[in-house]
Amino acid sequence: MTLIVVKKSPENGISNRLLKVALPSDTILLVQDGVLFAMDKDLESKVTQGVKLVALKEDFLARGFSEADSSIPLVDYNGWVELLEQNDKVIS
Amino acid sequence: MTLIVVKKSPENGISNRLLKVALPSDTILLVQDGVLFAMDKDLESKVTQGVKLVALKEDFLARGFSEADSSIPLVDYNGWVELLEQNDKVIS
Amino acid sequence: MKSVLFVAYQSPAGSIWINETFRSAFGMYGEELEPVVLFMGEAVLAVRANCKPEQLGCLPLSITFKYIARYKTKVVAVNEDLERFAIAEDGIEPSWNVTRISESELPDFMHAFDKVVFF
Amino acid sequence: MKSVLFVAYQSPAGSIWINETFRSAFGMYGEELEPVVLFMGEAVLAVRANCKPEQLGCLPLSITFKYIARYKTKVVAVNEDLERFAIAEDGIEPSWNVTRISESELPDFMHAFDKVVFF
Amino acid sequence: MNITIQVNVPPYTNEDMDTAMHLADACLKKGHKVSIFLFADSVLAANKQVKPMRIDRNIPVKIQELASKGVAMNICGLCAEYRGLTQGTNVDGSVFSGVPEMASLVFTSDRYVSLMP
Amino acid sequence: MNITIQVNVPPYTNEDMDTAMHLADACLKKGHKVSIFLFADSVLAANKQVKPMRIDRNIPVKIQELASKGVAMNICGLCAEYRGLTQGTNVDGSVFSGVPEMASLVFTSDRYVSLMP
């Protein structure tokens, strides 16, 4: 149960490599320009099966998207804190 | 006759798009992490025919490469100044 | 009169560069210079009416609008990038008064300026 | 004793991050912490004996060597990245005392640490 | 829980400091103990001589408010010296420390979130 | 020729300021007139209160040397205020200006090289 925080845009190689690091039952949280991954309809297929994907709502909406544009669930800052509570490790 | 300076790594999308902007008789100068393009043996095929490609020797060598590793000519800072003299415009 | 192109290529809400690009462009009118701003890559996200960095507490993009109107600063965005982010015509904030350009036109477009500065 | 992994992923001569990664790692020995440094992506360029940012006037990487030796800090580099940059075994500076890891081992490797911090 | 947030890049130019402050605030509201570690160029956020335009947020003032709400605000001292920031110009409630303090935070924090550069 | 070099990112963290200084030096040696425009976080390079480790280069001192050799060193004043840099803490030979000065450099320079952020 590890929380992996991806903050850089999909254009940045390190973001794609961080996605690959997740193991089943981990959660990947997309924040800042990392939220741009959330418009990718195939995002689920780019991570290991069983990995949970969520994006930070504030960062997604501020970039002009609406909630319907996201292929994964959105969480707010409270949700980020809950993810910190639920996962016992962080990779960021 | 335009000098196009590419300073970001090939991992950065903007570098690849800058390569495409060059017209015949332009020169593309790779500096900083842009020099990592110089180890690409197919680099010539990624730019319009007639575009001159050069890399900054200091930045290439400081990253641990030797002159033989480069598929394009290397110039030093004096060469950069000469390129500024020879081209009447700069895109950077 | 000389022409200068400022190119913004970074995502709008995550960094200050689009604001700095316009601040630079507006400063050019003090000289015999005609500035144009080009949105390329993730910077095109800025044109959406709903793109509001101020929701994060950051500097709003809308502070540029009155100057764009006053100086009639030309703002250009790359078509392929708009499409990549599914930005439809009716989702674009009218205050930008965006002109579209296709990727294939970029080389000639950029070479037509006396100076080109990326931000 | 807790373990912490510091991951450097940016090019060595263009930025300070590899030096800052090691400065952070060496600081960990003041607590009951065992730091490991991982080179990933363009950061693997640092391991070449000829990689010398000081040639550009920047901070040398070699200032880390005496501390790596003193603390026996483990340094790991991703195989696929070494290959991508054609970094051969005999081109690697021995002071790093590099251990190789393959890309496919990274998920389990990273999950074995109590804390993982990217620089 | 003890939660530490490390920031590495300059304020204003990037949203990282804003992200850190929002997250710190949300952590506080849920009763967690929060530390912020300002590393590298992020140390600029704690300089009280920063003068933003009136329309913009005042990050050093926001940091001071967080500190007064109980967030421990640590500045990497060596990083600060590299950026011309001297003790006394940092906002009230922030302290100059360094990698020993970072080590202590890594050791004692239940969760360590770094906003990578 | 008149050559201007614009820098946009923080010194030390990146090599841009080093690149700019090397290029300025090479331009001077060939008889060109050189200006450096420090924009955004690069303004830190001109802060004389910067204290690097002894093993590292002293960028503000190097800037001052370039200025004494004739390089016009312009600092974006608004950028500087955002980074807590006040007039008087900038190195001798550097001047606070702003986008009007940038416009003048864009207009009068034969070549304008910007090291993009």
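Of note:
Read from first to last, the chains carry the letters A, B, C, D, E and F; within each, the first residue is number 1.
The definition used in the following text is that a contact is a pair of C-beta atoms (placed from the backbone, for glycine too) under 8 Å apart; a residue touches a chain by one contact, two chains touch by 3 or more.
These figures come from a predicted structure and were not determined experimentally.
Here the chain-to-chain distance from chain B to chain E, counted in touching steps, is 2. Considering the contact criterion stated above, the chains in touch with chain B and with chain F alike are C, D. Chain centres computed from CA atoms place C at the largest separation from chain D.
Note: centroid distance chain D to chain E, computed from Cα atoms, is 26 Å. Centre-to-centre separation of chain A and chain B, using mean CA positions: 36 Å. Taking each chain's centre as the mean of its C-alpha atoms, chain D lies 32 Å from chain F.
Put simply, the C-alpha centre of chain B and that of chain D have 28 angstrom between them. Chain C has residues 13-14, 16-17, 41, 53, 56, 58, 115, 117-118 in contact with two or more other chains. Multi-chain contact residues of chain A (touching two or more other chains): 11, 13-14, 32, 58-59, 90, 92. The residues of chain E that reach two or more other chains are 12-13, 15, 19, 22, 40, 53, 112, 114, 116-117, listed in rising order. Interfaces, counted as pairs of touching chains, are A-B, A-C, A-D, A-E, B-C, B-D, B-F, C-E, C-F, D-E, D-F, E-F.
Within the complex formed with chain F, the chain C residues making contact are 2, 4, 10, 16-17, 20, 23-24, 26-33, 115, 117-119. Considering their complex, residues 9, 11, 32-33, 36, 39, 58-59, 61-66, 69 of chain A touch chain C.
The residues of chain A lying in touch with chain E in their complex are 5, 7-8, 14, 31-32, 58-59, 77-78, 80-81, 84-85, 90, 92.
Those residues of chain F that touch chain D in the complex are listed here as 12-15, 18-19, 21-22, 53, 55-57. Put simply, chain E touches chain F in their complex at residues 10, 12-13, 40-41, 44, 47-53, 78, 81-86, 89, 117.
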